[in-house]
């Protein structure tokens, strides 16, 4: 069980954390210099770094909901990606049906995903059937298959696109930045801040942290643990909803689109330390960078390979994550 | 765990099992039955396509294309050499999975199909080709890019579309000719491709052909189509390389990403050149990316837009199914014609005789070719011809070679004078 | 030492039923059932309609995978989410040896087992050494299998994404495991392999090693304190599990005559192995059998339904995804309603 | 000749000193009681001796072998076996199988091992439960199972971590009898952590008092209980703690 309180204590920039952050930063710097030597083009590496960070913000955003669920409920939610896809189709459907600006579909997608999350938790994951790791894994896997194929049956397999009206682009010291990606990046930071505030400064946040740290203890002091679990799961999926709306104009929407993000999001969660929202954002940026740099180091290899290498190294050496505390 | 729940759960399972057994029981019976099935009733042709799964739209298109061929044959009096026996299309769904394709192929053969058409995906076709070979039933591939299948010396595998290497070779040749005609002879081609055998194979074949023509190819940039969500860095690499042409071989989804990235980076190119690319010659691509795709070239197999019969067929399809008929469906139409005319020539439903007839056949295609469909010793269509297309004013036009051109190629990009 | 009476007789002493050992030792009972099952199964391909032959073989391949996974994750309690790695290593090793060096698939199968076992031991050693547990262990195995898939997709050694096609031979050959397309021999070979795997898993469970493994699963610390070399037996379990799964992969290649990175190392292979056992009953001897029969025939059932749907299902024709959706619903239902799986639930009620 | 020599053992947990310079010796056949207030490091000491955790400093010599930081199973097989304060049965096994597992490392025919395991089960009074799942045992039964499993290893040294805790007084007596008999009949050396002073007084040849990770005193039971430092260390302990 992770310790959200510890993570928040860690977020107060304790000594060892600073040291680890510096070490991580140093490694990233070395990796970038190495990429520069490998590719020989400053522009390419610079563009890779910019793209990596922008994409990484998106990964962080998706991983935030997952890390919340992982950290508080200890559920490995393999349906997170599928829920993301559901939200994208909601966004797509609303844009198609009403001609609304894609970002305005947030007001529909986020509450919808919140409700779906609550229903999924109450209906499928709470209680004894969802107790063990393998059962959770299979229920969420089954759910993701069900959602993906439900979308397939309903919307068909043809890829869908969501156009972003008034999209723009500008050059940042030579690197191209498009508006859509910048908005998504900003949205990630904003939502991260909201979550941070929710967990740190509200009574409900205190309850969540108490449940995460010690469910039985929280129960004793009068916290309704099941309710907190359901709400946390719902908030986690609502985050996926927000991420989906921001990401929809950047990708091609297909029912199985969630899979690719799901794997990456899990890596980000472990990297950032489970339950650690700020860690998820930083982890997302790191993974975004790793992906881009992998393609520079190992041409012809999938960017995922580098991600998995980093993942296994982190799992083996610091399973509590770069920014988590040893339990 | 209550007793009721247990009973409910077990009951559900039992019902499933019983249903499964029931289905098995109603399935047709094997090899002996197959021969009997071929000798009487309609002549069966098996069509294997991915009508569910990620490629379901194309799979359905192709199944319909095959059905239209069967309808046309029957409308014209069936197989005359067999006394006007009708033709029937037996369909199977590969779900885009190789092992499902294999068991479906076996089923269609057991049910008495004289030949198979399919399957859209190379991996599935590879599996089905094995089944066909072992059962000695001809398998005429409509869409299948991979050339590897034709290196095994199979006797029962045929293909209508031009192979991956043929398209890449033609792409290099067309590039040289078109660029020279435009007065901007190509110097250096950057190749962006997805990393599996489809894209990598196209890149390799293109580089080989280009080298012979004296075109420099590099850098060679690959990406993972499954996970890629942004190709800006890759296109930046193209820009940094100073290449004057960008060749692309990818699938549909990543084709959109490439178009967006090209628009963002605006490298100093004279042309964007698709090589059997899955996006650039799709009408949907034009509607999805809008102006971004304008003037993109694509070398690929294609329905023959200048053949009046093709035009008629596509109009009929549009009328029946309310959607434009894609090239894959026209290829499926051709493939069914190949088998039906093989049966006609052989005057037999014995798959071995049909195979011999197909190997010697000459079938007029509705897809682009230099002549009738005729097979080389390895089963590949000798006369398949890749064609160069270009997005012009939001329309996909055949632009090269000259005798297949609907309009002239415009060798330029929109963002440069 | 009869000076001692059972402590706390008030609370429990009276409730103790006469302590008799079971009449037939579980091992012998299970072996007897296995023998009966095999005898019943042998004539099946002669009785079943030929279209069911492919389904039966698929069930047996599922069974091999499931038995392999069950040894490690059911008996051993180490939840693997990456058994595709071992399946794929078995498939690729035998395919590589056959295609490149014309080595008999039987020898390729043995080589595949060895390769899978060695790789499994190395990976697991690191995972155990760094104390990965539960979800972390599962994610690590998943990542490892995915890495193998990516490497296989881009390596010349494995023929990249194209994979390997088994060269066809003239006629039938047991030595090459190649028969006429609808020959029952495939079924019998698969049945023999699955039978041996089931036999091995039963003998393993009741062997000294098996008991150590069960003890380690129940409580690793206590087992170590009672003289159990925990690491050694965990690694032995992992090796056996990987080897059995590799057999499934090698036979798969021979039966389907083709293998590529997605078919061999794709995550759906791992999910298949897990789902089969969980539906049947995790950690039980017969769970894999029941699970394989259900899941192995499921996709065929839905495909048949959709090809000629009854009237009330007509709207589904041409819609894609139904079979997977049904599979998903079944999976969720069984996990929710029968969390111990079918066999596990029956056993639990039987004991009471 | 000493059988067990613990010399200058120290252990830190994240800067928290759990053991510091702990040293003592045990003669063959001796019964050593280990007492100390909660958090004194008693169980940590057992963990170090039995190999569950490696000490940061010092050594543990068993017989003539240095077993410092050796794997737990090696130490157990060498003849030094521990029990756990919180019972850790193998939940999926019967009582007899639990005990049989401990006997199994001796390479003998299974039938013989089974007989031996049954003897041990009878000896601790679990005979009627032999074929029942271990999880069905009440607390007292689980305590006996812990003991039975350790005995089935045929230990030279037995490390007992609060075998009496959780038992009502009437249940303690037979266990104490059994422990006394173990030394008389088998010559087993015992180290036992115990809060119940009556048991410590009755069994121990010698008592070792741990406090805050250090050896506070050693000596006969009478000596240490009258030692003012020991009394001071126990002040502030809840009275109920000493009598369960």
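As written, the chain order gives the labels A, B, C and D, with residue 1 at the start of each chain.
The rule we apply is simple: contacts are C-beta pairs under 8 Å (C-beta built on N, C-alpha and C of every residue); 3 or more make two chains touch, one makes a residue touch a chain.
For reference, the UniProt names are A, C = Branched-chain amino acid ABC transporter permease; B = ABC transporter substrate-binding protein; D = ABC transporter ATP-binding protein.
It should be emphasised that the depicted structure is a prediction, and the values quoted were computed from it without experimental measurement.
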{"item": "Most remote chain, CA-based centroid, reference being chain D", "value": "B"}
{"item": "Between the pairs B-C and A-B, the one where more C-beta pairs touch", "value": "B-C"}
{"item": "Length of the line joining the C-alpha centres of chain A and chain B, rounded to whole Å", "value": "37"}
{"item": "Distance from chain D to chain A - Cα centre to Cα centre, in angstrom", "value": "48"}
{"item": "Approximate Å spacing (C-alpha centroids) for the pair chain C, chain D", "value": "41"}
{"item": "For chain B, residues contacting two or more additional chains", "value": "52-53, 56, 195, 200, 224"}
{"item": "Junction residues of chain A, two or more chains touched", "value": "152, 156-157, 300-302, 304"}
{"item": "Multi-partner residues of chain C (each touching 2 or more other chains)", "value": "150, 153-154, 319-322, 337, 339"}
{"item": "Pairs of chains, among all present, that meet the touch criterion", "value": "A-B, A-C, B-C, C-D"}
{"item": "List of chain A residues in touch with chain B within their complex", "value": "39, 41, 43-44, 47-48, 51-52, 54-55, 58, 152, 156-159, 161, 163, 169, 175-176, 178, 181, 250-252, 254, 256, 260, 264, 292, 295, 299-304"}
{"item": "In the complex, chain A residues that touch chain C", "value": "70, 74, 76, 124, 128-135, 137-139, 141-146, 148-150, 152-153, 156-157, 255, 263, 266-267, 270, 300-302, 304-305, 308-309, 311-312, 315-317, 319"}
{"item": "Interfacial residue positions of chain B with respect to chain C in the complex", "value": "1, 3, 5-6, 8-10, 12-13, 16-17, 19-20, 23-25, 27-31, 51-53, 56, 60, 91, 93, 95, 98-100, 102-104, 106-107, 109-110, 123, 126-127, 130-131, 133-135, 146, 148-149, 152, 154, 195-198, 200, 224"}
{"item": "Of chain C, residues touching chain B in the complex", "value": "48-52, 54-55, 58, 150, 153-154, 160-163, 165-168, 180-182, 256-258, 260, 262-263, 293-294, 297-301, 303-307, 318-323, 330, 333-334, 337-339, 342, 345-346, 348-349"}
{"item": "Contact footprint of chain C on chain D as seen in their complex", "value": "50, 52, 71-73, 76-77, 81-84, 88-93, 97, 100-102, 104-105, 110, 122-132, 137-141, 143-144, 149-150, 153, 167-168, 171, 174-175, 177-178, 181"}
